[in-house]
């Protein structure tokens, strides 16, 4: 996978929230081989490190031709981002386009103080 | 009824939320025999099992020519989904199109820790 | 007044919420004799009885040529619905169209456990 | 019927267009006795006379408890307004709320130069 | 098929336009057996006859469990409505929900003066 | 100032909420002499008295040619309304149109139980 | 009245269109003395002169405390603007807020080549 | 490339219009190698053949990892569809997401009667 | 000024339309020195050359700290683009944010066949 | 930097909230030198001083040609505003336009009682 780069949080003494919304996420359904489309939103409170935006974009591109279920994919993105920037708190949510008349949302939360 | 299939939750150690929205739900009014239309939304925190999306679609199709009141129908869907996947928490809501100038919403919640 | 009919709550052991939205409510201003228009929304948790939708519609029709202030009217609807179905909890709100450049909302709550 | 009053067109030498939109129109379905709701829009080019707004409002109120099919009603309003103000050109359209899942629009045009 | 009923055009001497919009149309895909959903809009200038709204609704219900391609279905509805009410002019359009990520519109026109 | 009239609360034994929204508020900027435009919203729980709607409209008209800063104006309206109807609780908010590319909101709360 | 100032059209050899939209227009109803609110839109093709924006704003302010019917007011604004800048073509339209449940639009056109 | 399949037009004696909208189109920028996203809309009047929807979807998938400029891509899709179904008339338009703060639309028309 | 680059039209034998929308345009008011913001839209039919998107973006950036009236600016952009790519037809329009409560649109057209 | 001016809070004995929204914020990306665009929203509870609106506008203008990362910029604005008016509580949020397909939000809070 492309590495998620980080930079030093310029205000580490303060709790504040950063959100990055990517409405151009696409991956491949592992069952049918057909593409899925969706919006991935990351909200987090940085600790020592912030996520670098351009590397985040390249990280998402890795999913373009990769098969993954919605539930696995959103959890995986959370794990990778937590590993990269060690935030105080983070939510990743994925809203996926209609397939067979049903559209789906998966939302995963991480809280450093819990665990 | 069509069986609601499940698959193993890939991240059972974590509480996270899955939502499936079906804006193409239709059933039949038991009084008039005329069709009702609505949107059924399922939100849940999986425990050991996740709901398989394609079987959920076929499950909804069973209501297409079946008579049911809104209040019964939404409770029934909750019961069937809870029986199938044993979630930690689940909400089912149904928003139904205007009939006689009035539109209706029914929302039912299940919490495994309460029961 | 037309009687608000009820039917037995099919799931009385469970707390769940029912909402009926009527965007075609009309009454008459007692001061000017001119019609008022608005949306009446009823949200409630049924106990033993649910409100029957068709009789609710006929109940609203009774206001069509009746004079009533917004504040009185919304409270009156709550009282009538509570008397008819004895819910665990209910909110009635009325959103009324612009009169003299100002539009108004009245919202009343009933909680069986409080009173 | 309430009389539609008029006033002298202040700029009769010029062709210009006046539109009055009434989103609070209501009448009664002659089949079911139940109320219908809709928006009536009148667009016209005045000749010697303009429609007085307050009398137009009272004219619409006459339909409140009167039974009329959509097709008849919109044609009738056009006829009454043409008789009252003799415009150079006029369109009346009625957009009616959903009944039985279907909503309807009726639009009628009058052109003095054709008739 | 259910018969499309008509009533006498109350203003046959005048060209005017009637529109009926049905956002609750559903049929079955002849390939997959799965339901399709869409909105059928009929616009026409009546000649001697108008389409009766309730019978139109029952006519649409006939498609609920019938297999038909979009292109065939919209042409068929036009043919049936033209046969029933012999309009001066008519357009039927069908807007169908997303299937496989693509949504489709079919629009067919009839003009009595051309035929 | 025009007097804000009141009438007896028809349901004083019950806590309920009344909202009046005026999107046609205008005053004058004390610095530039140019008009300001905005929406004033009043939400309150009445005690013994309700605000009479027509007098509220005339009260707002007093600001039409009067200079006042946003911060002062919204606090002043709250004070005047509290003095007139002695509510259990009230919020007044003013949302003002863009001036110099920036638009502003001021929101003030009153709680009888705190004071 | 405040004078409508002009400046030399920088591209007089070319036909092009300029639009100025003022959503903060207010005048006074000559019947009731109550304020009216609306949006005035001016679209024109300049000839030798363009309308100066700041003086247009001050021109509109003159209506703030002046009584005028919608029909007269929009025609008057057209006349004043045509007199000031002698355009090749101009449309003035006024969209006025709901009064008595009805909102109104008046649109007037001027064409130098016709007059 | 995946072949665009066709089926016999069920109503070849009539001119009617078919539209297929694909909001999930993606290709690759030939300069940067980064993905582009957009909506491709095809409107056409069929002659002897209609475009088969599923094969159209697979045709679009061919662009997923292919580099192409917007201008070339939309013209190419028109050429391929015209070759496949020989329509009487066709428009293809592509609306592409923001790149560098600018979003772009390309629209190409084909008319059999002109060529 | 930054040069507007071009590339060879890949389909010069065909008339087709290209649109580039820039919602992030900003310049400086020559009177007040304060920034103006707006959306510049370019629609054109290319002849031998197409406008290169990245150089268009840099061209717009030149206006960031430059004073220009709306009327001059939109005409200037048209002239520069016509000089660069010699289109068959082009429209440039600028929609500018509210200044003093009024927002403005300027739209200029070029047609090679007329000039 | 331009000084942020203040004026005496006219109601210092009361907690109330003031919001200023600037949808015309622009700065420069320190990496690429290209402009960024966004909306800066300030919400605060004043203590002894309120922020003067015109000086706030001039303060924002200082960022027009200055390079700053989103995370730094929003924190810096909070620090400058807190230093200027010593509020009881303040939130600053910046919502920035899409860059590389991703848009970002940064939100920072200050609470005098915590610090």
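Per-chain numbering from 1; labels A, B, C, D, E, F, G, H, I and J assigned in written order.
Criterion: a contact is a pair of C-beta atoms (placed from the backbone, for glycine too) under 8 Å apart; a residue touches a chain by one contact, two chains touch by 3 or more.
Predicted model only: the values in this text are computed from it and were never measured.
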Separation of subunit H from subunit G in steps, with touching chains one step apart: 2
Pair exhibiting more inter-chain C-beta contacts, A-J or I-J: A-J
Over-half contact-pair match to A-H, picked out of the listed pairs D-E, I-J or C-G: I-J
Mean-CA-position distance for subunit J and subunit H (Å): 46
Geometric centre distance via CA averages, subunit D-subunit A, whole Å: 56
Rounded Å distance, subunit G centre to subunit I centre (Cα mean): 28
Set of subunit G residues in contact with two or more other chains: 24, 34, 37, 97, 100-101
Full enumeration of touching chain pairs: A-B, A-E, A-H, A-J, B-C, B-D, B-E, C-D, C-F, C-G, D-E, D-G, E-H, F-G, F-I, F-J, G-I, H-I, H-J, I-J
Parts of subunit E lying in touch with subunit D, wherever the complex brings them together: 9-11, 14-24, 46, 50, 53-54, 56-57
Interface residues, subunit E side, partner subunit B - complex: 24, 26, 34-35, 37, 61, 64-65, 97
Footprint of subunit D on subunit B - complex, ascending: 34, 37, 97-98, 100-101
Subunit C partner contacts - residues on subunit B that touch it in the complex: 69-72, 74-75, 99-109
